[in-house]
Amino acid sequence: MNVAPSDLGRRTGTVDMVHGGGGRAMTELIRDLFQRHLSNPILDQGHDAALLEASSGRLVVSTDGHVISPLFFPGGDIGSLSVHGTLNDVAMAGARPLCLTAGFILEEGFPLADLERIVMSMAAAASEAGVPVATGDTKVVEKGKGDGVFITTTGLGVVPDGVEISVTRAKPGQAILLSGSIGDHGVAILSKRENLEFETEIVSDSNALHTLVADMIEAVPDIAVLRDPTRGGLAATLNELARAAGVGMHLDESAIPVKGDVAAACELLGLDPLHVANEGKLVCLCEQADADRLLSVMRAHPLGRDAAIIGRVTDDEARLVEMETEIGGLRVVDWLSGEQLPRIC
Amino acid sequence: MCLAIPAKVTELLDDAMAIVALEGIKKKISTALVEDLSVGDYVLVHVGYALHKVSPEEASRTLSLMAEAGVLQEELEEIAETSK
Amino acid sequence: MKYADEFRDRDLAKSIALGIRQEAHPGRTYNLMEFCGGHTHAIFRYGVKDLMPENVRFVHGPGCPVCVLPVRRLDDAVEIAERHGVILCTYGDMMRVPGTKQRSLIRAKADGADIRMVYSTMDALKIARDNPGRQVVFFAIGFETTTPPTAVAIKQARKEGLSNFSVFCNHVLTPSAIGHILASPEVRDLGTVRIDGFLGPSHVSSVIGSEPYEFFAEEFGKPVVIAGFEPLDVMQSTLMLIRQINEGRHHVENEYTRVVTREGNLKAQDLVSKVFELRQSFEWRGLGKVPYSALKIRKDFAEFDAEKRFEVSEKVSREVKSCECPAILRGVKKPTDCKLFGTVCTPDNPMGSCMVSSEGACAAYWTYGRYRDKARSPRREVAA
Amino acid sequence: MNVAPSDLGRRTGTVDMVHGGGGRAMTELIRDLFQRHLSNPILDQGHDAALLEASSGRLVVSTDGHVISPLFFPGGDIGSLSVHGTLNDVAMAGARPLCLTAGFILEEGFPLADLERIVMSMAAAASEAGVPVATGDTKVVEKGKGDGVFITTTGLGVVPDGVEISVTRAKPGQAILLSGSIGDHGVAILSKRENLEFETEIVSDSNALHTLVADMIEAVPDIAVLRDPTRGGLAATLNELARAAGVGMHLDESAIPVKGDVAAACELLGLDPLHVANEGKLVCLCEQADADRLLSVMRAHPLGRDAAIIGRVTDDEARLVEMETEIGGLRVVDWLSGEQLPRIC
Amino acid sequence: MKYADEFRDRDLAKSIALGIRQEAHPGRTYNLMEFCGGHTHAIFRYGVKDLMPENVRFVHGPGCPVCVLPVRRLDDAVEIAERHGVILCTYGDMMRVPGTKQRSLIRAKADGADIRMVYSTMDALKIARDNPGRQVVFFAIGFETTTPPTAVAIKQARKEGLSNFSVFCNHVLTPSAIGHILASPEVRDLGTVRIDGFLGPSHVSSVIGSEPYEFFAEEFGKPVVIAGFEPLDVMQSTLMLIRQINEGRHHVENEYTRVVTREGNLKAQDLVSKVFELRQSFEWRGLGKVPYSALKIRKDFAEFDAEKRFEVSEKVSREVKSCECPAILRGVKKPTDCKLFGTVCTPDNPMGSCMVSSEGACAAYWTYGRYRDKARSPRREVAA
Amino acid sequence: MCLAIPAKVTELLDDAMAIVALEGIKKKISTALVEDLSVGDYVLVHVGYALHKVSPEEASRTLSLMAEAGVLQEELEEIAETSK
């Protein structure tokens, strides 16, 4: 994407403290960049608070800060990611998303052309998902007090009647389904990290899952739990669930889809794919009786093509997630400890 | 200790560098520590350096030994099975 | 992944397991020390123990370069970074290791020190090139595997005239450590730890060959099998050790023939001996001072020696007292013998290096084993 | 407030990268700090997305990032401010707030005790306002890539039927009301800035205005426009309104309440109180016929005690905000240009 | 605020306005140059012009230290900050002034230079104390008012032995500038600018007294009234000038007697003369090189002179060509005569210093005047 | 130019420093440039330094002059008014 920034940056082409000062420059930044690209009837009201049409039903709200580095990565950037990440959290409550809000924290000196590229990618992601960015906010921090761009998005959605998705409904015996291969996002990001660079065809799986969820709910309204295994990977998500629900889990390593390149990158860097982040995958717990039907619905959706049943919920009072390994042994799958650092040992 | 993984040399570069492939992953590594490398060779990669070539013949010999390891026991069990 | 996936095959695993169950005498136990953390990791990561009969036991050795680094050297690295304002480069493995008062490199970084994680010594050189106005120190750790890349970097720095690059050298030697363990009173005289054989280092031997282990296989009468790091390699090597033990042999055998030869990588050995020389003595965590067990930079390359370039203060380094890492590294205790294991000490809040390094025995026990509820219920050990 | 942090910080007492890694440490930070202090039935669901009771009516949503320095100031801190700032944007749409979300971006090395103090102050502000924090998010950035704490809050509210507050309803002839003295927040902040320190009794006016708005709407449902003059001060807000509505404004300088200390600080630093930020004030446009009634309702509320009618909307096609000065001259009131920098000339 | 509020009183304003209307002869115009930006600011900020009769006109002079600094000196400051890696301290006023290619200090800061805004020279000293390992340069600008605080700081630095502190001195002298304007051909010979009298600097005179203006009141035959900066002071001084003009007198009179005396602040003058000495010549924006119009640091304090400590390259500094600041600063043109005013050049995007400094004539016209729609409609001037 | 404001000295400190008050604002400034300061004096403050004392007598004299400025005109107008 080769974008000529509007005349905002005619002087320096970068974000100035002035752009956050509450004066004319800020108003113009908002108008010429944010409103221009993200335009939709709600945002175009131009209010500090967006007014939505009357709606009824149980509302769902979720928020996520995005602080990713690098800002641009194969398969997306912080703009599209901040849309997908929050839409997915709304979708994991079983909800139909209504709108998003976006709060930008910009570092002084950040190139306006990069900002425009990010906002355009955000706009494309939102419009592809069919969800408007209803309102936003921009702050500028001094050089050295930020990292280019941080974006905090909040999503709002409505839960269809009859749907009750909650971690409290996780019960021993249920099937654990995964919508596709793990680790793609994290490996795409790592491939661009300074000092780690490697070439790969792997692109981030960053995607909005609400239409997949809608299909799943239509087929099996009784789905018990949905989660998107983002930071900390599948391992963190399953451990969180186990801990919150007071259950254990038993996984089958051979059933968990991992792309060859992702496995290879993990070998190279000493990482476990189970700990690597995803941004377009979901985990689902449902009754065994519904599992096969759900699986075929998932596989019929473009974002669930590689879906698999990867294990079952157990009644382990120690709330452990355990896994039968490739070679037939048994191991525990723990949370990631600390940061995910490439290692040599 | 000493995380290392076999990868295939796909290109030899100047300055004792090479490109290796591991599945679809390509990574530039140093070959300063090994001699007589050719494209197609597998090398053991550690902290961005090739440490040693991997021998295909020895690998398959080892795999055969592994396959034979349980043969006697398997046969004994089969015999037990059929004689039930 | 070729040469990896084949050695994780479920059917082959079953085959070797059958072989072991068949050949191990039910009447005796086989205590096998896996010297390397890489083996420890493979055993736990793949659940190898589940496929072994009860009487085949693994004893964890000191083979994790992160674990054996004494706290004092880590404190020195922190001091170099903080007091001398250098860019300190190191491998990711070192970042979270707790020093005195739990001060790790990551903590020093949070406090403002310029510490950078690198994947390779080539990255450290690049940082030095990119920051000509700053001193760049590479905090080098590792066994014989990791030493040649450091040697290459030092030679390259000389070639380029990179006067702002230096190395804080902590490279250690495995044969001396194994010899030291076998010579220790616990093993030799008191018999508190009975070791019947060794799973020998594989990647180390890709450089030094299998030959250096012949001396003490002979001297101490213990079989050694140079064992690859894939789970099937560990299992096959176990079988080979069981056979030697059963037959009363004590040779150095090589399971990992696809990479290891008797003489190793002569080019790498030559380079290492040009850049480094033996230290008279070096402290290993758990083993104390071990003579001729580490390398230092030769005088000829003194300008690249951070120990010569940066003064480091005499300081009192302190490990957590009840941490049993020292005993665990000698194979004398198991992680579950440590009072802190799983209560105070977890991978999120490690008290000792064995809990940080993913090759440390404590980390392996905790991460892959069923020990997490120890804090809640009375101590119970479940097969991992 | 002297707070002993929970045992989270037992090792170092500061935020680690680990706290943002998606592992156990993060989960514990969230549980022991955020959930502990901000606890309410919605947040306690513990989901990544919060489920609200069914509600009907026109929804309002607004978001704001808070990047203030210093983090603690007389009369508040970034925690309380992030609650008030967003509640006020919701209230300025005439809405009754339903809930808030909070996204934290923490800098590695930030003291956990300070974080706890901020979260407690946020909790106190939310509970005083009677609005729950429904869900949140925490990210940790490396030292030198943040500035202690950034908080992005999003607020959700419902607009009562019959209320139509919109900038498009600004019309020449309307009265301009201000709920109290200007500049208090900005001066309280400046008094703590490094190299500027001065002593003052002035504390920030940071406050949640939704109950004042509720009273005003009850008295005069026909209110045309509400705005909180925050960044850029009263001048920016009035210019924004004038520009958006295509009207001019005429102000009376003597009618605008400015506290003596605020005026003095502005003289000292060469600032104009009209450009200084407020966090607990509102501007209201209404028909002249309603102005006196509205004024007395405002004055009856603790947060409107010093309310005043400060001018009127004009039909100036140049959309200028002009003001009769103290001495009887006329000047234009412009936006703040650039950052608000203390000056010596 | 005592001594401020009284001088902003609406009734008194009416009184003076009445007096002016009464005494100004309808048959002639009174062109009064307010030398100081402070007066320009007061006139616009309080709408003083609305209270004046048509025939009393204010001509804006060069009295804004930010506006008269030549681009070259600002470029030098940026270079000192960027090339020498110092901490450059300066007053808030300088931060946004555009240098060559619109590069301001705030821009250099965004690009990574360490530039800090201070309120006082004492803050700059504190920064030097707090950063002993760094060089700290105070970028000093200002007239006689602002010079003594710089002198105090230099003496204090010597006393404390603050060897990492220095001053990039740009202090200039007002009497020389006024004399230069009066001696310029435009004023003296061509009569393009008729100036009937001067509103003289008030705060400058609190230091140097009113006496230095006596020479050219006499020499050029123009009345001067030392005028306070509150709106009533400006009005009262205007009245006093009208009276002198009506009576054909040309004396230095003092309206601002509550602070200014004939001799000024002798202690401050003494200190300034100990630390500084006259430059033979210095460039003023708009006026060109003006002899003996600026100060430099004496040899005796050379170690605190940033011009001696940091080498600065010969460079081609460039102002925006069509910017009329030079003419405006001489009173030859008005902001609205500039083609860029209000279109390309606004306070958000200033092309010249007169648009940045809140004391600059362009900024005052734009901010407080009704000129904002100029870009939209044909040029029309509405009384401000 | 040269933003400066009169403030009241409320406390004299060591090292030629003082506290001044401007309404409720208190600020520490340097008095290195003025002599014979007493608590209660007003000084003109510029960039954190006292530049000069403010004379109360002269201030009220100036205010009287201002008040008188329009007197004649006012009287004339009043006369015109009453004689209408």
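In order of appearance the chains are A, B, C, D, E and F, and numbering begins at 1 in each one.
What we mean here is this: a residue touches a chain if its C-beta (ideal position, glycine included) is under 8 Å from a C-beta of that chain, and two chains touch if they have at least 3 such contacts.
Since we're looking at a predicted model, the values are computed, not measured.
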| item | value |
| --- | --- |
| Option in A-E, C-D or A-C whose residue-number contact pairs overlap D-E by over half | A-C |
| Separation of chain B from chain D, taking each centre as the mean of its C-alpha atoms, in whole Å | 63 |
| Separation of chain B from chain F, taking each centre as the mean of its C-alpha atoms, in whole Å | 89 |
| Distance from chain C to chain A - Cα centre to Cα centre, in angstrom | 37 |
| Geometric centre distance via CA averages, chain F-chain C, whole Å | 78 |
| Overlap residues in chain F, where contacts from two or more other chains coincide | 1-3, 5, 22-23, 46-47 |
| Junction residues of chain C, two or more chains touched | 1, 4, 14, 37-38, 64-65, 91, 106, 119-120, 123, 142, 146, 232, 346, 348, 359 |
| For chain A, residues that touch 2 or more chains besides their own | 17-18, 23-25, 142, 260, 263-264, 267, 270, 337-339, 343-345 |
| Pairwise chain contacts under the document criterion | A-B, A-C, A-D, A-E, B-C, C-D, D-E, D-F, E-F |
| Residue numbers on chain C that touch chain D, as the complex places them | 102, 106-107, 109-112, 346, 348-349 |
| Complex contacts: residues of chain F adjacent to chain D | 1-3, 5, 22-27, 45-47 |
| Chain C residues touching chain B - in the complex, by the definition given at the top | 1-4, 6-7, 12, 14-22, 36-38, 63-65, 91, 119-123, 142-143, 145-146, 148-149, 152, 201, 203-204, 206-207, 229, 232-233, 235-236, 239, 255-260, 265, 267-268, 271, 359 |
| Touch list for chain D against partner chain C, complex | 10-12, 14-18, 23-25, 28, 108-109, 142-143 |
| Complex interface listing, chain D residues touching chain F | 198-202, 260-261, 263-265, 267-268, 270, 343-345 |
